[in-house]
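One structure is given here, and the rest of the page talks about it.
The chains carry the letters A, B, C and D, assigned in the order they are written, with residues numbered from 1 in each.
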Amino acid sequence: MFEQFHYHRRVAFCDTDAMKVVHHSNYLRYFEEARVAWLRARELSQWHAPHYPMTMAVLESRLRHHRPAYFDDLLTVSLTVRREKLKIRFRYVISSERFIGQAICEGETLHIPVDDEFRVCRLPEGLIRVLEVEPWIET
Amino acid sequence: MFEQFHYHRRVAFCDTDAMKVVHHSNYLRYFEEARVAWLRARELSQWHAPHYPMTMAVLESRLRHHRPAYFDDLLTVSLTVRREKLKIRFRYVISSERFIGQAICEGETLHIPVDDEFRVCRLPEGLIRVLEVEPWIET
Amino acid sequence: MFEQFHYHRRVAFCDTDAMKVVHHSNYLRYFEEARVAWLRARELSQWHAPHYPMTMAVLESRLRHHRPAYFDDLLTVSLTVRREKLKIRFRYVISSERFIGQAICEGETLHIPVDDEFRVCRLPEGLIRVLEVEPWIET
Amino acid sequence: MFEQFHYHRRVAFCDTDAMKVVHHSNYLRYFEEARVAWLRARELSQWHAPHYPMTMAVLESRLRHHRPAYFDDLLTVSLTVRREKLKIRFRYVISSERFIGQAICEGETLHIPVDDEFRVCRLPEGLIRVLEVEPWIET
């Protein structure tokens, strides 16, 4: 089994809003960055656009916010992923150096693989094999 | 009772991504624009920042995507809202001139009123009175 | 000659940053919205993607900021445009209801028409004819 | 003298647009990320918000685009900076692993230090001392 994947990023100034915290729409961007970084860490980038004619269209998203994030805070997105037949489900827990020991945001996205024309396609075998040894952490 | 509130906006070019469709993170921005337009339509802007020291912090969001939206598509966000004690829940159905008779996206956000320091505060009476005559449409 | 084109839009909450003002990167988005609205007002949308296989790639941009814009401010983007051989130059002056009689931001973008493959292409005749009767206002 | 500062970042999927390339408004965000990373590399973060009541308001920006950037491209922002009395000028050259030996984008931003209330303030001594040993590269 792989270890759980963690993605680190600092809060950019342009991600903040007039409440001086990260605007909630940016968490979906942070989740996406974590997915792309996970693909690279698992050596799966070759099975995804732009290297392969497949992307993972988002069907559903859910987010729960517990604490704010401020400019320059160092965030960690901890990601867990599993295959659900044709679909792939990702879960995310974001923690911050500012609030030790608690999640600032939790979320989930459900994806389906599609080709350039938005037609549902099969998951590549290389991707399926990795998903079989990827840990799923209930949160 | 008020009529249901509808907000119209076209898809901006910068909202699209390399799949040639609206990137999913933008739907949370469209929801927010619809909320702000609803506040204005109901003459409630005075009870919200920057005119009043209160904003409605987002606690939770959910989105389901059924169809894509493309550059320059005319979208309609149909909004419904209700008070849940201290909190306010909004539901959104987005339709597109491109796909008649079906929603392209559905979503929900749950908010809590906070002051400048992120302390939970009471809903202003003016806002509560409007919420009492606002329709709630189950979708 | 046409009258100068003006595009109106309110500042969205997500466009603000931790200084409580519009983040500077958003002005390029406001310029783009004004260009797209101008295309529609001049009945030129048919000569631009997604309706026609041409977009106007940005070669250069310049911005000067004089005053900030705040959440919910009503902004007006006044646009002027001229053809420079194969290229098109747009100039923008943004004014705000908050600061009467002065521009809050001025800018310029230089574009070249390209096809789907980023090959430089000719300006459609319909677009050229409009540019000949479009006023150019020196600022 | 310091060595020139270089900031690396990959193109996020949400940064692309329907032309399948990075939307031009994102380059201003990449410049900002490079400035913030430079502040950290020079141990100057303490002289900037949120750690110190000063930010560097943007007065002017200029961008020239030579080549596109695509999803997942590895970009390098090479930054050079100098003090101009009260102001600070940054120049940026962005290169891409995709186009060896040529800049894909060049730009410049001019800043003025302001406090929380947007009043012009002095540059902190610690920042001035670093600017004196920072190289300025003409491009």
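The rule we apply is simple: a residue touches a chain if its C-beta (ideal position, glycine included) is under 8 Å from a C-beta of that chain, and two chains touch if they have at least 3 such contacts.
Just so it is clear, the model here is predicted, and its values are computed rather than measured.
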item: Chain located farthest away, centre of subunit C as origin (C-alpha); value: A
item: A-B compared against A-C, more contacting pairs; value: A-B
item: Centre-of-Cα separation between subunit D and subunit A, whole angstrom; value: 27
item: Approximate Å spacing (C-alpha centroids) for the pair subunit A, subunit B; value: 24
item: Approximate Å spacing (C-alpha centroids) for the pair subunit A, subunit C; value: 34
item: In subunit A, residues with contacts to at least two other chains; value: 13-14, 18, 20-21, 25, 29, 32, 49-50, 70-71
item: Subunit C partner contacts - residues on subunit B that touch it in the complex; value: 10, 12-14, 20, 29, 32-33, 36, 45, 49-51, 70-72
item: Contact footprint of subunit B on subunit D as seen in their complex; value: 13-14, 16-18, 20-21, 23, 25, 70-71
item: Subunit B residues touching subunit A - in the complex, by the definition given at the top; value: 18-19, 21, 24-26, 28-29, 32, 49-50, 55, 57-65, 68, 118
